[in-house]
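Naming follows writing order (A, B, C and D), and every chain is counted from residue 1.
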Amino acid sequence: MGMEWAWLLPAVCTGAFVVVAALGRWLPGRGSLLAIGAIGTAFVLFWFVMADVVGNGPGSFSRAWFDSGDLTVRLGMRVDKLAIVMLGLVSAVSLAVQVYSLRYMRGDPRFGWYFALHSLFAASMLALVLADNLLVFYITWELVGLGSYLLIGFWWERRSASEAAKKAFITTRIGDVALLIGILVLFKATGTFELSQIFAMAQAGEISQTTINLSTVLIFIGAAGKSAQFPFHVWLPDAMEGPTPVSALIHAATMVAAGVYLVARMAPLFVLAPGVLDLVAFIGLTTVFIGAALAMVQTDIKRILAYSTISQLGFMMLALGSLGFTAAIFHLLAHGFFKALLFLGAGSIIHAMHERQDIREMGGLRSRLPATWVAFVIAGLALAGIFPLSGFFSKDDVLFSVLDNRGVVWFAAGLIGSVLTALYVARLLYLVFLGEPRSQAAREAREAPLGMTLPVMALMAPAAGLGLLALAWGDYDGFGSFLVFLPFGSRPFEFHGAVFWPSLALAFSAFLMGLSMYRQTGGVAPALVRRRIPWLLTALDNKLYLDHVYQWTVDHVVLVGSRLVALFDRAVVNDAGVDATGRATRWSGLVLRYHETGLVSTYMLTIAVTAMVIVLIVITTG
Amino acid sequence: MSPLLAIYIVVSVMAVAGGLGTVLARNVVYASLFLLLSLLSVAGIYVLLFSPFLALVQVLIYGGAIIIVVLFALMLTRQGDETGSLDSPQKPLAAVAGLAALGVLIATIVVNKWPPSVDPEPVGFEKLGATLFTQWAVPFEIASVLLLVALIGAIVIARPEDSQ
Amino acid sequence: MIELEYVLFLSAVLFSLGLFGVLARRNAVMILLAIELMLNAVNINLVAFTVYLSPDLLVGIIFAIFIITVAAAELALALAIVLRLYRTRSSVNVDEVNLMRW
Amino acid sequence: MLLILVTVPATAAGVILVIPSSRPGAIKGTALLFATVGLAFSVMTFVAYDHAEAGFQFQRQWQWIESLGVTVHFGVDGISAIMVLLTGIVMFTGVVMSWSIEKRLKEYFFLFMILLTGVYGTFVSLDLFFLFFFYELAVLPMYLLIAVWGSTRKEYGALKLVLYLVGGSVLVWIALIAVYAEASLGTFNLLALQEVEFAKDFQNIFFPLFLIGFGVLAGLWPFHTWSPDGHAAAPTAVSMLHAGVLMKLGAYGIIRVGMTLFPEGVAHWQVLFISLATVNVVYGSLAAMAQRDLKYIVAYSSVAHMGLVLMGLATLERTGMSGAVLQMFSHGIMTALFFAVVGIIYDRTHTRDIDLLQGLSKRMGLAAVLFIFAGLTSLGMPGLSGFVAEVLVFVGAFRTFPVAGVFGVIAAMLTAVYILRLIAKVFYGPLDDRWQGIQDAARHEVFAGALLVIMLVLVGVYPTPFLDVINSGVDTLAAGLGVGE
C-alpha cells in the first residue's frame, strides 16, 4: 500500500461522481453519504501515500492513453512531496466541506447533484495535483474549471448565479487558452508533454531561451486566470453566488490554488526565465494591493473574504516570483485551511442570519454565535499574520523570501500589504461580531447546528497550529527541508529579526488600530478616508472600474466584432456573393428570353446553323 | 460509263427531283406524292448498292405505310380548307441554310480522304437475318417495344378528348 | 462502277433539300415530310459506307433498319400530335403555335 | 457485408414504399427495424475491421459498365470504417427523433432512407463513379426533406442548399473526368488510380476543384452560407443527419479523392487550404456569437468545427489528420445531439429565439443535460470526445503552422463564450411564465440522446479503439502524401 495507489485518490472520487450523478436519486441520503465516504477514503489513503513518499521517495505511475502518428499521450501521475502537500490540503478541506454541506444544504432540491459535483471537483483537483504530464494537467485543469462552473451556477434559477458561473468559466478560459498555447509551444520545442523530460531538456539547455520565456509567460497567464490574479481576478468575487461551502472549497482552498501550484510545479522552467519571474512578482504584488484595498470597502461578507483570497493569492505569486517556492506553497497550505475555516464560519453566519450577507446588518454576533466567533477569531488572526497562528509563519516565510531576493523596496511593499490585511480583518471582525446588533435578524441569530460546527472546529486545529510544520522537531527538519525545490537547497525556517519584528509589530498594531478606528466611528466605511480622498473610495466602490472596462470590451469589441462578422456573412458572403449569383442568373434570363420566340422554325434554324458551324470547325481543325 | 452507273444517275435524278418536288410543291398532297417518288427512287439506290432487303423494307414501310398514314392525316386535317401559304416567312433564310449545308457537306466529302473501297457484293438475306437476330437481338427487341409504345402513345394523343 | 463519292453526293443533296424543307415550311405535315427526306439521306449514307467500306459487319444496314423503324414510330407520334393540334387550334401551322416563349 | 450495409436503407426505402400510408405505426416500425439492423451492421463493420492489418478490407467487386471501366467496388479502410459507424449511430438516433413526425410520414422515411443509402454508399465505394453517384444520391433527397418538412424559409433554404451542393458536385465531376482521362487506365477504380503519378501541373490545377467542390459540402469558407440557412430550415432528424453525417461526406471526399490522388497538389495548395480552414474556425465562432436563433448558432458552430477538421487535414501531418478524422466523428455525434435537443425545444416552445427562452432547465431538465453535454463537447471539455480530437488537431497544427494552431485555440475559447451564453440564456435563470406548461424530452428522445452522450463520453475517455482504426487509415494516407514515420 503506497504511492502506486495514489491514483486511487482521484479514482474513488470519480467513481462516486458517476454513481451519485447517475443513481443518486435512489441512494440513501441521495448519494451524499457515498460522496463523503469517497472523499473520506481519499483522506485516509492520503496518509498511506504520504508515509510511503516520505519513506521511499517520489514515485510515479503512467500508462498510455492513446496514440496517433508519432504522438503518444500518456496518463501519468507522479507523487512527490509537492503533490503530497496538495493532496493533504485538498482531501482534508474537501472532507470538512462536504460534511459541513450535509447540514448546510439540507432540503435543497438538488441535494444529490450537489454532492456529485463535489466528488467531480475533488477528483479532478486530486488528479491535477498528481499529473506528471502537461496534457493530463490541462485536462484536470479544465475539469476543475467545469466543476467550479457547475457549482457556482448550482442555483441556476438565479440570473446572477448563472451569469457568475459563465463569467468565471470564460475568464479562466481566457487563461486556459494561454496555458494550452504555452503547453503546445513547449511541445513543439521538446516533442513531449512529460514534465520530467521537459525539465531535463530545459536544464540541459536544449530549449531556446525564447521558447522558455514565451511558454512560461503563457503558462503564467493560465495560472493567473485560475488563481484570480490581476487583471483576471474579477470572476472570483462574483463566484460567491455559489453555495457558501463551495466558496470555501473552491474559491479559497483548492481551485484558486491550482494556479499557484502550476507555477510551483513548473518551477524548474520558471527559474530559467528571470524576466518572467519579475512579471510574476509584479503581478502578485499588484494583486495583493488590489485585493486588500477592495476587501476594505465591501459590505458582503463573502465578497470581503473573496477579495481577501485574491490578495493572499497575490502574496503567493509574489513569493513565487521571488524564488520563494517553498514559502508560496506553505502559505498556500496555511491559507487553504484558515480561509476554508473563514468561509465555513461565514456560512454559519449567513445561515443564522437567514441568508443575509450584508455586514451592515450584522454586529454583536459574538454572544449569539460563540463557536463561530472563536473560529473566526482564530482564522482572522491567522490571516492577519499574528503569532503564533499558521498565517504568521507562512507570511513571514513569504516576506523573507521577498527581502532575500527582491530587496527592501519590495519587502516594504509586502509589509504594507500585510498591514492592509490586518486592517480589513479588524473591520470584518468588528462589524460582524462586536458592537451592537444592527438588525432584527442579527438580534435573533442562533448558532448553527452541530453538523455544521463540527467541521468548523475540526478545521480550527490546522488553521491555528499549522505553523508547527514550519519548525523542526525530531526527525522532521521543518517545511523548508521537507519540500525542496531544485536547484535550491533546503531552507529551514528561522525567525529572522528583520522580518519577524516589523511584520508582527505592524500587523498587530494595524489590527488594533483597525479595531479602535471602527469602535470610534462605528461606521461601516472608514469615514476618514471618505472625507479626505473621496475619489479613492468611489474607485474602490466601483471595483476600480475593471468590470466596467471588461464589460465595455465585451460589448464594444467582442460582440461588435462578432456582429460585424455575422453581418459580413449575411451581407457580403450571402447577399452579395450568393444571392447575387442567383439574381445575376435571373437578370440574364430576363434579357436573354427574348431570344426564345417559341417558334419551331427559329429553333430548327438555330440547330442547323450550329450543327454546320460545328462540322466546319471539325473539318478545318481536324 | 458502265450501264450500272447510267442507271444510278437516272435513279438519283429521280430521287432529287422527288425531293425538290416535296419541298417546293404548293399543295400538300402533291408534296407527299413527290416524296413517294423520292422514297421509291431511294429504294432503287438500295438495290444498286446490293441491299435488296433494305430496298424491300423501304418500299414496304415508306412507300406503303408511311405515305398512307400521311395521306390519312392530311384528310383528317382537311388541308383543302387551309388558306394561306404553306411556306414560312423565313424561306429565304432557309434557302441560304440549305445551300450552306450542301456546301459544307460537299466540302466534307471532297476534303475527306476516304479509305479505298472494296468491291461491293450483295448482302444476303440469311446473313443479315442471322446478324440481326443474334448480335443485335436486344436492340431489335427494344425497337419493337419502342414501336409498341409509339403506337399506344399515338392512340392516346390522337384520341378525342370527350371519349375519356 | 458507282463510286462511294457519288452516293455521298446524292445523300448530301437530299439532306440539304430536306433541311431546306424543314426550315422553309410552316405547315407541320410538310416539315415532317422534309424530315423523312433527311432521314433517307442518312440511310443512304449508312448503307453506302457498309457496302463499300466494311461489308462484313453489316452495321450500317442494321442501323438503317432501325432508323426506318424509329422513323415510322416518330411519324406516327408526330402525326398524332398534328391531329391533336388541328383539333385544338384548327390549324397545323407551326408559327401559330408559340406558347413556349417568354 | 458492405453490400448489406448499402442495401439495408435501400431495402427499407422499398419496403416503406409498399406499406400503405394509412398505417403510420408500421412505417415507423419498419424504419426503426431497418435502422437497428443498419446500426448493427455498422458496428459490426467497425469492430470487425482489423486495424493491425490496415488497408481496405471487406472488398467486393462487381462489373458494371465494362467499356467505361465502371465497377461496383466496395471496401473500407480505417477512415471510412469510423464514418460508417457514425452513420449508423446518427441514422438510428435520427429515426428515433423522427418519431413525432405526422405529415407525409411514408414519403419522409422513404427519402430519409434513400439519403442514407447515398451516405453509406459514398463511404464504402472504392470506385469513383459510384462514389460520386452515391454522393449525389445523398444530396438530392435533402431538397424534398427540407422543402416539405422544414420550417423557417424552408423553400429558400432547400433551394440554396441544393444549388450549392450541386454546384460543388459539378467541380468534382469535372475533376473526376479529368482524372479518368489523364490516367487513361480506362478505369474509375480508386485503388488503381492512386498508383498513378499525375503530373505536378495537372495536380495543381485539379486539386482546387476537389477542395472546393467537396469543400462546399464540408462548409469551407466562403462556401458555407448554405449551411446555416439549410440547417435552420431542415426538420430535426434531417439537421442531425445533415450536420452530423453529410458535412462529413465533404471532408471525406477531400481525403478519399483529393488527397489520395493528388499528393503534390495538396502540398502545393497547403497554405491556402490551412488559411481557409483557420478563417473557417475563427469566422464560424464569431458569427455564431452574434446569432439569436438556436439553430443558426449550432450551424455556425458546425462551420467552425468543420474548420477544425479541415485544419487537421491541411496540416498533412499524421497526428493532425487523425485528429481531423476523430473530429469528424466527434462533431458528427455532438452536432446530432445539438440538433436533437434544439428540435425538442422547438417542438415544445415553437420558437428558437434565445431571447425568448429562459430557465428551461426547470421544466426540461433532461433536455438541458443533453444540451450541456453537447455544449461541453463543443468547447473542448476533457473527458468528452471533442477534446481528444482538438488536441490532436492542435498538436498537428503547432508542428506545421503554429499560427493556425493559436487561432484554433482562441476559437475554442470563443466557442466557450457563445455556448455558455446560450446555456445561461436558455436553460438557466428564472422560468418564464410562458413556458410553465412545457414537457420535458420524451422517453424515446432521451434514449436517443443518451446513446449519443455515451458515444461522446466513450471517445473522450477511452479513444484508443477509435484512434487505432483511424490511425491505420491515416497512416496509409500519410504514406501516400510522403509523410512517413
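The working rule: contacts are C-beta pairs under 8 Å (C-beta built on N, C-alpha and C of every residue); 3 or more make two chains touch, one makes a residue touch a chain.
The structure displayed is predicted, hence computed values, not measured ones.
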| item | value |
| --- | --- |
| Farthest chain (mean CA position) relative to subunit D | B |
| Most central chain, Cα average position | D |
| Where subunit A and subunit B are represented by their mean Cα positions, the distance between them in whole Å | 94 |
| Geometric centre distance via CA averages, subunit D-subunit B, whole Å | 58 |
| Separation of subunit A from subunit C, taking each centre as the mean of its C-alpha atoms, in whole Å | 89 |
| Gap in Å, rounded to a whole number, between the CA centres of subunit C and subunit B | 6 |
| Junction residues of subunit D - those touching two or more other chains | none |
| Subunit A: positions in contact with at least two other chains | 601, 605, 608 |
| Multi-partner residues of subunit C (at least 2 other chains) | 19, 22-23, 26, 94-95 |
| Touch relationships between chains, expressed as pairs | A-B, A-C, A-D, B-C |
| Subunit C to subunit B touching residues, read off their complex | 1-10, 12-27, 29-30, 32-34, 36-37, 40, 43-44, 47-48, 50-53, 55, 58, 61-62, 64-66, 68-77, 79-84, 86-87, 91-95 |
| Footprint of subunit A on subunit C - complex, ascending | 19, 22-23, 26, 31, 94-95, 97-102 |
| Subunit A - residues contacting subunit C, complex | 593-594, 596-601, 604-605, 608 |
| Subunit A residues touching subunit D - in the complex, by the definition given at the top | 65-71, 73, 135, 138-140, 142-143, 146, 149, 153, 156-159, 161-163, 165-166, 169-170, 173-174, 176-177, 180-181, 184-185, 187-188, 558-559, 561-563, 565-567, 569, 573-574, 577-578, 582 |
| Interfacial residue positions of subunit A with respect to subunit B in the complex | 601-602, 605, 608-609, 612, 615-616, 619 |
